Amino acid sequence: MFLVDYLKDITGAIKSLLTGMRRTGYYFTHHKEIITQQYPDNRDTLKLPERFRGEVVMSHNESNEHRCTGCTACELACPNGTIKVVTKFDISPEGKKKKAVDKFIYHLELCTMCNLCIEACPTDAIRMAQSFEHSVYDRAELTKVLNKPGSKIEEGVE
Amino acid sequence: MWSLSKISGLIDHWLNGKLGSGWASVAEMVIVGLCVIGLFAILGLVLVLMERKVSAWMQIRLGPNRVGPKGLLQSLADTLKLLVKEGLTPDGADKFLFNLAPFVAMIAAMLLMAPIAFAKDFQIWDVNIGVLYITAISSISVIGILMAGWSSNNKYSLLGAMRSGAQIVSYELSAGLSILSIVVLTGSLKVSDIIAAQQNGWWIFKGHVPALIAFVIFIIAATAETNRAPFDLAEAESELTAGFHTEYSGMKFALFFLAEYVNVFIVCAIGATLFLGGWMPFHIGSWEGFNHIMDYIPSSIWFFGKTFFLIFLIMWFRWTFPRLRIDQLLNLEWKYLLPIGMVNIILVTIVAIKGWHF
Amino acid sequence: MTREELQTSIAELASGATWDEGGQWPVVNILPEAWPELARTLKSDPLFAFDYLFCVTGVDWKSHLTVVYHLTSLRFRHTLVVKVKLDRAKPQVGTVCDIWRTAELHEREIRELFGVEFLHHPDPRNLILPDVWDGFPLRKDYEDPVNMIKL
Amino acid sequence: MIEELGTTEQGELVINIGPQHPATHGVLHLVVTLNGETIRKVEPHLGYIHRSIEKMCESLSYRQFIYTTSRMDYLSSHINNHACALCVENGIQVEIPERAQVIRVLMDELTRIASHLLWWGAMAMDVGAITPFFYAFREREMINDIMEETCGARLTMNYMVPGGVMMDIHPNFQRRVKELLLQFKHKLPEYHELVTDNVIFQSRTKGVGYLSADDAVSYGTSGPTARGSGVPCDIRKLYPYDVYSKLEFSECLAKEGDTFARYLVRMNELEQSIRIVEQLIDNIPEGDFQAKTKAVLKLPKGEFYQRVETARGEFGVYMISEGAMQPYRIKFRSPGFSNLSALDHMARGAKIGDLVAIMGSLDLVIPDIDR
């Protein structure tokens, strides 16, 4: 019957609207469901997983030694030309010439955090750091030299 | 006991003593005007904050909590931001109408303040055709929107304005019919009479089912008339970016924004007055003791409590429902609300004639 | 249809068609003149029923261009790759967007990126590039010293 | 260059929806011809985010180019990477360890869930309900956290490499996925309460944007768009890759071909993806996560094509190798591009509000269309 259908339509519609309102009403009254993270305030407790890819860094030990041999495997692996390894030749005490890294230049502004350089590194000299707040006022600051000044290669890394 | 009517009476008395009756009424008009503007500003601030908090909690967010204690000053900061922003007028816009439109929208909202009783004996103008005045003036607000949409020289704005025109003209009917049902029950167009008639219980309870239906229709029509979701087709941001106020910026935009919220307040205040007894406390028939306890709560708190409850209801709608399409919106009005409203008013008339209401 | 069946029945339709060896799907090379006719048959003949054109692309082979059509039949689940060999100086091939509607956007894309002209295309405007673009970016000899950064 | 557009001679209104518009979810530009509120024609203008990834890939090695595909359909980046990895593996003829296959499929399905969740929120937002967006993101965030822990990134993971996956799964992975499944089972009914059953949503989507099965095939649509019209086209079923052939799941089909049908297909796919994850999460076999491959990959001369099912439809990688270190030519067949071509057909005669709903149901990702 027309009138019955008409009224059924209306009651069905109102019922569906009320179920929706019950759902939002539930969240309105249950504040423990709130999931907002108050980001700059929770910096102390904010812990990113150790695999998070924030930027490429070079590990140095206490005596300012890194593990980079300057083999440029990372430079070749990088799809964007983010890494430039400038090499030099060290003279070892025995008088032999040895290739070593002079400047490990890393362009953060070009980096897509694809992790291919880390995979390519044969000596685990570079790794991904968990820092993610990279904004600076001058883009030149994003070009970084990863090996610390005065650092040299760790003993025994070939 | 302290009440708003006493304060207003004192001021009236003092002014009449100082200035004589002619100048006193001029001074009172100025004071009332300033009060309305002040109320506008406060309502805007409070309602924007309320909307943001309500939406945030429904959306499992915290909402504004940075500016001031618990974010209470957030809307003040927003207003400041809008004040110092540049108000752009687009090239090719009809400059006069473009700049006039927000003020028309504001003034229409402001005029509606007049017959609203904020507390016992606290009313700007208790005109004897109060309800008629409300229905008449509330249709003016569409002019501001149409003006804005037309003068912006923007196709989104025009579409939004046209939608708004169709929408408000249609929903006026249902809103009018549901208001009329209370007028039928009361037998008076005067706002104070309508409130007084609810001395022994609010109309929504006294008028049986017909009054309840009228209330539901009124709330739906009120949501539509104020262009709020799910009827926010005039500004439908996922379709028309911002509808009729796409081209507005700075303070002119803020005026539209304010007018929207004030309109929400006013329709809710009207709804509260007609169906929930306005400032009248919750009375049940002849339970003298109970009624007396209820009277201890000041009448202004009753009024604002009811109004904000309705505002919350409208916000609840907004943050739950999807938007209707323009043809469905008109379908809803002409195929559902209007026939139901018409049948309902017959029922109300029968109830009123037979005296079946309490 | 199996690979062999496809090969024999298509060889009857288009003379001068050659087949590539190997690969996961049968690949037929034809000349542009034969293509719209063959396409119509491939779509409408209930033996083939190649109703789903899932990939259209161009390849620049430096000596010539090819437009590659990947066709599959949702009924028989057989797949065919058609390569139309075009002259690099004046690449022209008839459109198939009246046969498979999806070709319309794909052909527009190939038109501007490879410079292939699709004859009788209903809407041959640039889809991706600005109207005033010079050159065909996906050709191998395309040079753009401003926008292409050599690493 | 877009000429000044006003009204046509027939008095029809021409409006530009996009490139910056809330409903296009990106820089899609649609030139819409309107008669009042009724749509006469929709013309897409693309290229605002075209990066010519296909050209870039011609100068990248087979290991390097995979990361670029994460930037196409960024919501199904795992699945895009998966297709490229499969294509390269097909060329170098390497056997993938079972463990890697299972991890890949798990990641694919988690990505699909995340993508559909985002779509669900965005679709609800398109038709005007803003709140569901936040509920969808609550669950999506859990998936992102899982991805972050195992793959190291939240959106553009680059986790699949030729030969397997880049690193083994995190020790917490299984526990957290189970937590997610539990939460999801609890919350999925809410989604239906809030949106699916809502009378306004249904009236906005039912009978809108009709696409017949024949048209769906002719326009080359795929994924939920085609399945909403009743065209069985799930690559996971038809041309199974990795361990999909061993899994139990059903292809979600709907007959109606309207916006609501596409919506339901996606909602059902969510459940099917959960089913797949449930089957695999306790059965990750032991073994290597990566097969041994050469440091420098060289593919034999030839052509390779790999089809996979992303969240939006069929994604294809067409790779031509000339035996060098780099591919000679790569074509990415993106699902969004073909699905977009059906938009004009679907939207004609509908209202502007419908156009937004139809676009929502197509789930367009603009970088995927532009590549």
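For this structure, a couple of remarks:
Note that the chains take the letters A, B, C and D in the order they are written out, and that residue 1 is the start of every chain.
As a working rule, a residue touches a chain if its C-beta (ideal position, glycine included) is under 8 Å from a C-beta of that chain, and two chains touch if they have at least 3 such contacts.
What you are looking at is a predicted structure, and each value in this text was computed from that prediction instead of being measured.
Among the pairs A-D and A-B, the greater number of C-beta contacts is found at A-D. Nearest to the global CA centroid, when each chain is reduced to the mean of its CA atoms, is chain D. Between subunit C and subunit D, the centres computed from C-alpha atoms are 25 Å apart. With centres defined as mean CA coordinates, subunit B is found 51 Å away from subunit A.
Separation between the centroids of subunit B and subunit C, computed from CA atoms only, is 63 Å.
Annotation for subunit A: residues 17, 20, 23-24, 35 touch two or more other chains. Of all residues in subunit D, those touching 2 or more other chains are 131, 138, 194-195, 198, 200, listed in ascending order.
Multi-chain contact residues of subunit B (touching two or more other chains) are listed as 58-61, 319-321. Every pair of chains meeting the touch criterion is listed here: A-B, A-D, B-D, C-D. The touching residues of subunit C, when paired with subunit D in their complex, are 22-25, 27, 51-55, 57, 59-60, 68, 70, 74, 77, 100-102, 104-106, 109, 127-132, 137-138. Put simply, subunit B touches subunit A in their complex at residues 54, 57-62, 316-317, 319-321, 336. Remark: subunit A residues 10, 17, 20-21, 23-25, 27-28, 31, 33-36, 38 touch subunit B in the complex. On the side of subunit A, the complex with subunit D involves touching residues 12-13, 16-17, 19-20, 22-24, 35, 48-49, 51-53, 77-79, 112-116, 119-120, 128. Within the complex formed with subunit C, the subunit D residues making contact are 1, 44-47, 50, 52, 54-55, 215, 217-222, 231-233, 238, 302-305, 307, 314, 316, 318, 320, 328-329, 331, 333, 337-338, 340-342, 345, 370.
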